[in-house]
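Two complexes, one shared chain (chain A), two partners (chain B, chain C).
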Partner chain A sequence: MKKRIKTAAHLRRRLIVFLILAGILVAISLIAPLICPNDPNETSAANMNKAPCAEYPFGTDRYGRCICSRVLMGARTSIFSAVALVGLTFIFGTVLGLLAGWYGGAVDTIVMRLADIMLAFPQMVLAIAVAGILGGGMGNAMLAMGITGWTLYARLARAQVLALKEEPYVHAARLSGCSAWSIMTKTLLPNMLGPMLVTAATQIGVMMIGIAGLSFLGIGVTEPHAEWGSMINGSRAYLQLAPWAVLAPAIATIITVMTFNYLGDCVRDVLDVGVER
Partner chain B sequence: MAKYIGKRLLHLVFIMIAVSFLTFLLMYLSPGDAAAKKLNAQGVAVSEEIIEKTREEMGLNRPFLVQYGDWALKALRGDLGESYKDGFAVAGKLAKGLRYTSILALTSLALAFLVALPLAILTALNKDSLLDDITRLFSFAGNSLPNFLISVLLMYFLCVKAKLLPLTANESVKGLIMPCLALSIPICGRFIRQFRAEFLEQLGRPYVSGAMLRGVKQRYVLGSVLHNASISILTIVGLSIGTLLGGSVVIETIFRWPGLGKLAMDAITNRDYPVIQGFVLFTSTVYVVINLIIDICYSWIDPRLRKNGGGS
Partner chain C sequence: MNVLEGKGITKRYHQQNITVDALRGVDFRLEDGEILGLAGESGSGKSTLLKQIAGLETPTSGTILLHGKELGCRRTKEEFRAMQMIFQNAPASFNPRRTIADSISESVRSLRGRDAKIDEAALADLVGLPEELMQRYPRQLSGGQCQRMAIARAMAVHPEILLCDEITSALDVSSQAQILRLLADICRDSHTSAIFVSHDLAVIRCLCDRVMVMKDGALVEEGKVEQVIHSPREEYTKKLVDSVLQI
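Showing the complex of A and B:
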């Protein structure tokens, strides 16, 4: 028993550490324009592929742009787009799953069949096709990832509602004359939020990787907008000449994705709800 | 069993109709006029007259549902139209790409599986050992790194720094090493994590302690554990198929491996819509059929599932 309590406290401490780390990353992305050493979009023919120095802490890329500034601005793109995407798909999927689980019948059939159909496409394949056809841009890339992303939350929410529906307190709420809306928002939602949030937390890293992948392929966030995936792709040809142009955004991606993935794991461990994937 | 398979096949037909409809709709809704796109892809100077003539030839003046029906019936016979770019049959291009993609995907899957399974067993048996910690770190890192990043880092360290391997993949065995590594590392990381969790779960079950207490040899107990874990393992492997198909687009583009993914990316660059359409329809079909086979395998592994006639 003693050991268990100790591990719980340990887990909570770890969660706080990673919450702070993620907080720092979010803060950096918010104040990025203020701490950029140079203009991230200013090109300079004289300073092409320059090694890291005092003026350009991470060196310059093939157009002579300051990599440090671009990495900082890229944090904004990556973190904002991933968090926004998870938030939007979470809300959309949860609402649909809630309605499907509660009303059952035709609503359930339509929502779940739609989810089945979306799940018949491998996620990245559909995302690449959608983003490729719509052309670049962050909005389109987010749409491409979100088109299948919501099904995860819809299925989970529906399963939760089906399980909760038979609980005595839900019957009680219904018998005491609560409206469907009030049961859904006040009784069901708070009780199913735990596992749903865990899933959402673990999805931030996944979405970040997805959007960076699309940008890397040139069909996500496009130049001159700073984004780590597209920076890595653009500088890839100069790997031998200017490895820093690839390594800086690569390390930034690794740190950020790992932090958010670890944060998701910590949230799961602390809430201790066995949601795998 | 036969009834169950029949039911699933019926479901498959429904899903495929929906998938093909969405795929067609996607192209139909794509910005720009299809006739103009075709002419642009061929590099023909576009005038109003030529566009009108091409529209008539392509049947674009017919109602949407007629166009879809025509396309779907042709697709059913294996005719996915011709590439805008060079006029070759899309189906033939896909068949050629499929060969390379399956070589890459299957070797990557096999590599990931063969590394992950023994490591997962070892770490589950020796929980919290040094090996467990190292493996956990590796699998966590592998799971967190985007595959394009792994490719570029591999290129940097193996090709540029150590000069061990060529930068682009030719179709030889040596050329397969890099794309295969890049594709399998993230999947391997996920496998180790999930396999280990499953083994730990099985090892905690009463039947294991019961067998151990009765003095059953460890390898026989492990045999039962493996058998009982096989359904979950199959599920995990099945889930990775989608990652493999999506990942192969990125990896093949980076390493110029002439598979389906590179075909699709080239088609996207050239706005070669029939090829994109064919790629999406074809990959989804492969994906759905593999998932169906896996579901049927469940009831083959676990006879209890046969009675109530359903997989998970």
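Showing the complex of A and C:
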């Protein structure tokens, strides 16, 4: 018993650590314009591909722009676009999955077949096609990723509802005369939210890499907007000459993705222990 | 006078190419203030019949009448209030994310109006538990305590009929006896009728006035408990009684 309590406390501590780290990343992205050492879009022919120094902590890129400032401003684009995308797909997918699982029949068939159609295409290929048709830009890149992203939550939510529907407490709620809306929002949703949130937390990293990938391919965020994927793409031709221009956004991506992935794992572990307790 | 009546209730389940007749034209009646036992081995259709009565499922054919009025597919709140079900797995019948008091309040508000409030002290007293247990989560209570709270939830809306689905089968012998005594007292004091499903004839003998014995979804024997146990007419009932005596 003592060991289990210790483990639960340890998991909670780990969760707090990663929550703080994720909070710091979000805070940095929020206050990025205030803490940028230089103007992220200011070009300078005299400072092209300059190595890290006191004035430019991460060096400069091929146009003489401050990498540090662009990484900080890129955090805003990368983190917020990933969080917003996960949030939107989470809400859309969960609502559809909830309705499909609860009502079954035609609603279930329509939602699940739609999900099957979306899943028939590899996510990145479909995203490239959508972004290619609609053109570049953050909005279109998010739409391209989100068009298949909701299916994950819809399928998970539906599976959860199908399992929970047969629980005696859901039967008890039905026999209490509660409306379908009330059962879905007050009984089903709170009990299925744990695994759904864990999936969403781990998906932040996946979406971040997806959006960065589209930008890397030149069909996501376009210059001169700072975004980590497009920064890597823009500087890869100068990798031997100015490796810092690629390394700085790449390391920022790795750290952010790892932080959000670990955060998701910690949420899952803490919830698992909570259920056990 | 009959408070509840069932006529020719059938329930057929279809799954892929398999068809299962879970209920085959069951007739029953429940008199005012009576406790009716439903006995039979596993798979005989007792719980299925209870689900049709409670409104969790719709019978394939047949009618269920409450005070002579036919119950439709979509029950009104008043019809839900009149019949309250108590489940076999009491801890699982409460929302794990809510306290017992919250779960009971939700049920009362839903069935008796948004302004309806529960008297936690009176409900806890009714089922012989301390009031502070109302603020606990289901996982923080024992099986017996949860079953008492389930009875409290059912009684909070002043039902006319209690539908009890194997409510003592997951409990130890001592808790079983306490729950049976509590249920008998509550039904007697509040003049509430009950249908009590159990595979255990000894339990039914302790509590019920009348018993219906079911086999393969059909009613095989019905009568006063003592009469059915001491002089069963059907071979199946004899075997059921003998199995209890052997144990």
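One rule holds in what follows: the second predicted complex is superposed on the first by the 272 of 277 C-alpha atoms of A that agree within 3 Å, B and C clash if a C-alpha of one lies under 4 Å from a C-alpha of the other, contacts with A are read in each partner's own complex, and residues count from 1 in each chain.
Note that contacts are C-beta pairs under 8 Å (C-beta built on N, C-alpha and C of every residue); 3 or more make two chains touch, one makes a residue touch a chain.
As the structure is a computational prediction, the values presented were derived from the model and not from experiment.
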item: First (chain B), second (chain C), both or neither touched by A:E167; value: second
item: Which superposed partner A:T94 touches (first chain B, second chain C, both, neither); value: neither
item: Chain B versus chain C as contact partner of A:L217, first or second or both or neither; value: first
item: Which partner, chain B or chain C, touches more chain A residues; value: B
item: Contacts of A:D116 with chain B and chain C, given as first, second, both or neither; value: first
item: First, second, both or neither for A:P190, with chain B first and chain C second; value: second
item: Which of chain B and chain C A:G177 touches, first, second, both or neither; value: second
item: Chain A positions touched by chain B in one structure and by chain C in the second; value: 277
item: Of chain B, residues touching chain A in the complex; value: 15-16, 18-19, 22, 26-27, 30-31, 140-141, 143-149, 152-153, 155-156, 160, 194, 197, 239, 241-243, 245-247, 249-250, 253-254, 264-265, 268-269, 273, 276, 279-280, 283-284, 287-288
item: Partner chain A, residues of chain C touching it in the complex; value: 54-56, 75, 77, 80-81, 83-85, 87-89, 92-97, 103, 106-107, 110-111, 139, 153
item: Residues of chain A that touch chain C when the two form their complex; value: 167-169, 171-178, 182, 186-187, 190-191, 277
item: Chain B-facing residues of chain A, complex; value: 113, 116-117, 120-130, 132-135, 205, 209, 212-213, 216-219, 229, 232-233, 236, 239-240, 243, 246-247, 250, 253-254, 257-258, 261-262, 276-277
